[in-house]
Amino acid sequence: MSAANEVRAYQRKEYLLKFLEQDVRPDNRGLGDTREAKLTLGAISTADGSAMVKLGHTVAVCGIKAEITRPPTDKPDSGVIIANVQLPAMCAPEFKSGPPSEKAQVLSDFVQQVLLDTGMIDRTQLCIESGLHCWILYCDVICCNYDGNIRDAVLLAAVSALKDVSLPMAQYDAEQENLTIDKDRKRQLTLSCMPVSLSFTLFDDAVLLVDPTHEEETVCQGQITVITSGGDSICSVSKHGGASLNPEQLTLCISKAKQRWCDISKLMTSNHL
Amino acid sequence: MATLKLTTNDQVEVNNYHQDGNEDGGCSMSIAIPGQKLMDINSDVISGHGTYEHKDGIYSSLAGYVKLEENKEQPGKTMVSVQTTRHKHLVPVLGGLVTSRVTQATPRFCKVDIIAVEKSIFEIPFRGLLRKEDVRATEKDKVEIHKCFRPGDIVLCRVISVGDSQSYILSTAENELGVIVAYSEAGAAMLPISWREMQCPRTLAVEFRKVAKPTADYIDQIKELLHKIVIK
Amino acid sequence: MPQDSRRNCHTDESYHPDRFLSICKFNTQNNTTVINDNGLRIDGRSSSDSRPIFLETGFVTRSKGSSYIEIGNTKVICACYGPKQLQSKDTGLRKGVLSCELKYASFASAVHKTDQANMLEKEYSVLMVDALSPCIILDRFPKAQVDIFVTILEDGGSAFPAAITAASLALADAGIELYSLAIGASLQQHKEWALVDPTHEEENMVALLGECTGSLCIAYMPGLSQVSMVSQQGYITHQQLSQGMVTLIELCKDVSTLVRRCLVNSIQRKGQQESSVGD
């Protein structure tokens, strides 16, 4: 980090501190308030499933394209899900065009891991004929506006787009070795759970800020992400960098994440009506 | 049609162009968009900021409010300009005052990032070069860069040359120009005590700088600007 | 398939489900006519009708200027950054430089887009520089560069002309001085019908039918009544071309009133925000 950037970060910190001393954040939120979340399902008609997520100003759009492929050799009865996140140069000044940046790769990996490891989707329902044909779902998330807490936005976009997927019926004729697809009849996927993440950051090693904006992220250290899937189950807790976190703060994070799951789940059902 | 509604306000415009006409009445008079003809060229009007002359008319080149005012330099003539809420300057202009941050100091020159022109802040800074001989108006040969600027200082400069493709050439050879914000080694914002010294309020250590002495109304302008720079 | 270590990918090739449609289905899909006996298109428009348009500025909050445009199912986002200092040493010292990058989202078209470099995107990016450069007063920002980034979220037809309109709206929103806005419009010529503002199906179907067809796309600057770009592909007679230009210029003028209204709204909104902050 150059000296100039250090000074800049220092000044921003003073600026944020002025707000936090009065228990308020620069965008008029309380310390524990999340930004308003908005969700639109099925907005993109060329995709087999799609979702647009807004967290404050942050916007992520996920579109899922389904294609036919051969099942992986080690799991002949399962389909494939490939998640990728793009941070195009359009979405913020710090991103450059070209191949995916390190940040985009980390996010892609994050979404891929959550979709597969939480077991939210039983991949055998994507199989058409064992060892021969299966569906492959390309989950591509594009960030359209980057204003902090991109993790929560991309994960929510990917999960809700999966919920929106409708696949054409496929039938395999073993005698004629022929696969036919009927576009007129479609089916939805069955999801066993819905992982929802909530991210925090730490200001000055002490103050927990939930759902940080970009401005806050630049002066804060550390990122805490808690993923819950309803009820009492926690899918993942991760904390990268920054100061140490005491157990009370962690408990607070987890309880907030549970509350978040309820809010998002309500938002999702209201969208399905 | 599935609308993405990426936008905050949900006012949907559907193509009813044909009944559109000029129904926004009074407002359309004062708001112009790029390419809109504002008036015919005549000897009493001067085309100002945000406008251009083409054939026989003055056209707007910006989207904003049209402003007519008497020209100060040429009395009796009207200046037509288009004002936006955005920054007035897109790039540093020759002869203009700029606010910059020192990124590198060598015995012969300082490299700076130009972060603002007057009140317009750049999202992406431009590179500037402040040479040793342009630091002071007098006793140019006695200038020592390390006694004038340190990396991180915020310096008020004047653009004296557009320079090459690499950087703009800047100068601080005026009383009003020089360091306006500097941090001491202890990390506190220092206070000026003379035209060449600043003091840290925390440790009371004195450091050398080429201190600016801005005029009273300029201080007001800078205050507002500095607040914005701090936000950035 | 070459492996890309920077993206998640699958080792096997995958195929579009349409490859596995039963033969009879595939045929019926291609047999529909472009224009029915009543002179109406598949979506019920007449050949000269365009689709509804939605326009908005300024939602890519940290860009200098941005726009979102929706024409029918086509959805395009555009953001504009700069002017910033030129990186290359020798070009454009006296004048500014415009750079455009147009990208399709992988889910924007019927077929999933792979990550390999896409020729169409490159071609459109170059065409876009041609269409927009004449509108920008490049002398106002010497030795600096303005970047325009366009993402097509969904291509429901006429995506490129929509991108031109979006880009000029983003430039105006960014406060970059322009001689005029540039409005894009296209048509698909099918036999004697000129299908204005074609949908993606029409663009493709006409090509599939393989008859005497062609497409025409223009960028028009309503302020100066000049055409900044014409791109014509396929087979169009001389008379159809000149007739098509007239039709498209009329459409551009119509769209420009909408663009104007969108800009006026955004200026008024900004004015209100300013005054409320001032209180």
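In this document, chain identifiers A, B and C correspond to the written order of the chains, with residue numbering beginning at 1 in each.
The definition used in the following text is that a contact is a pair of C-beta atoms (placed from the backbone, for glycine too) under 8 Å apart; a residue touches a chain by one contact, two chains touch by 3 or more.
Note that the coordinates shown come from a computational prediction; the quantities given were computed from them, not determined experimentally.
Engineer: Computing the C-alpha centre of each chain, which chain sits at the greatest distance from chain C?
Structural biologist: The chain farthest from chain C, judged by C-alpha centres, is B.
Engineer: By Cα centroids, which chain is closest to the centre of the whole protein?
Structural biologist: Going by the distance between chain centres and the overall C-alpha centre, it is C.
Engineer: Roughly how far is chain A from chain B, going centre to centre by Cα mean, in whole Å?
Structural biologist: One centre to the other, that is 39 Å.
Engineer: Could you please state the distance in Å, as a whole number, between where the Cα atoms of chain A are centred and where those of chain C are centred?
Structural biologist: Each chain reduced to its C-alpha mean, chain A and chain C end up 29 Å apart.
Engineer: Chain B to chain C: how many Å between their CA centres?
Structural biologist: 34
Engineer: For chain B, what residues touch not just one other chain but two or more?
Structural biologist: If we look for residues of chain B contacting two or more partner chains, we find 2-4, 6, 123-124.
Engineer: Please output the residue numbers of chain A that touch at least 2 other chains, ranges allowed.
Structural biologist: Residues 43-45, 59, 61, 93, 144 of chain A touch two or more partner chains.
Engineer: List, in ascending order, every residue of chain C touching at least 2 other chains.
Structural biologist: As it turns out, chain C has residues touching two or more other chains at 59, 62, 73, 75, 77, 81, 153.
Engineer: Would you mind writing out the residues of chain C in touch with chain B in their complex?
Structural biologist: Residues in contact with chain B: 50-56, 59, 62, 64, 68, 70, 72-73, 75, 77, 81-86, 88-90, 93, 135, 137, 140-144, 153, 172-181, 221-224, 254-255, 257-271, 274.
Engineer: Could you pull out which chain C residues touch chain A in their complex?
Structural biologist: 6-22, 25, 59-63, 73, 75, 77-79, 81, 101, 103, 105-110, 112, 147, 149-151, 153-156, 200
Engineer: Which residues, counting only chain B, touch chain C once they are in their complex?
Structural biologist: Listed in rising order, the residues of chain B that touch chain C are 1-4, 6-9, 11-15, 17-18, 20, 24, 27-28, 31, 33-37, 50, 52, 54, 59, 61-65, 84-87, 90-91, 122-124, 126-127, 162, 165-166.
Engineer: Can you list the residues on chain A that touch chain C in the complex?
Structural biologist: Residue positions touching the partner: 43-47, 50, 57, 59, 61, 63-70, 72, 80, 82-84, 88-93, 97, 99-100, 105, 108-109, 112, 136, 138, 140, 142, 144-147, 168, 170, 179-183, 214.
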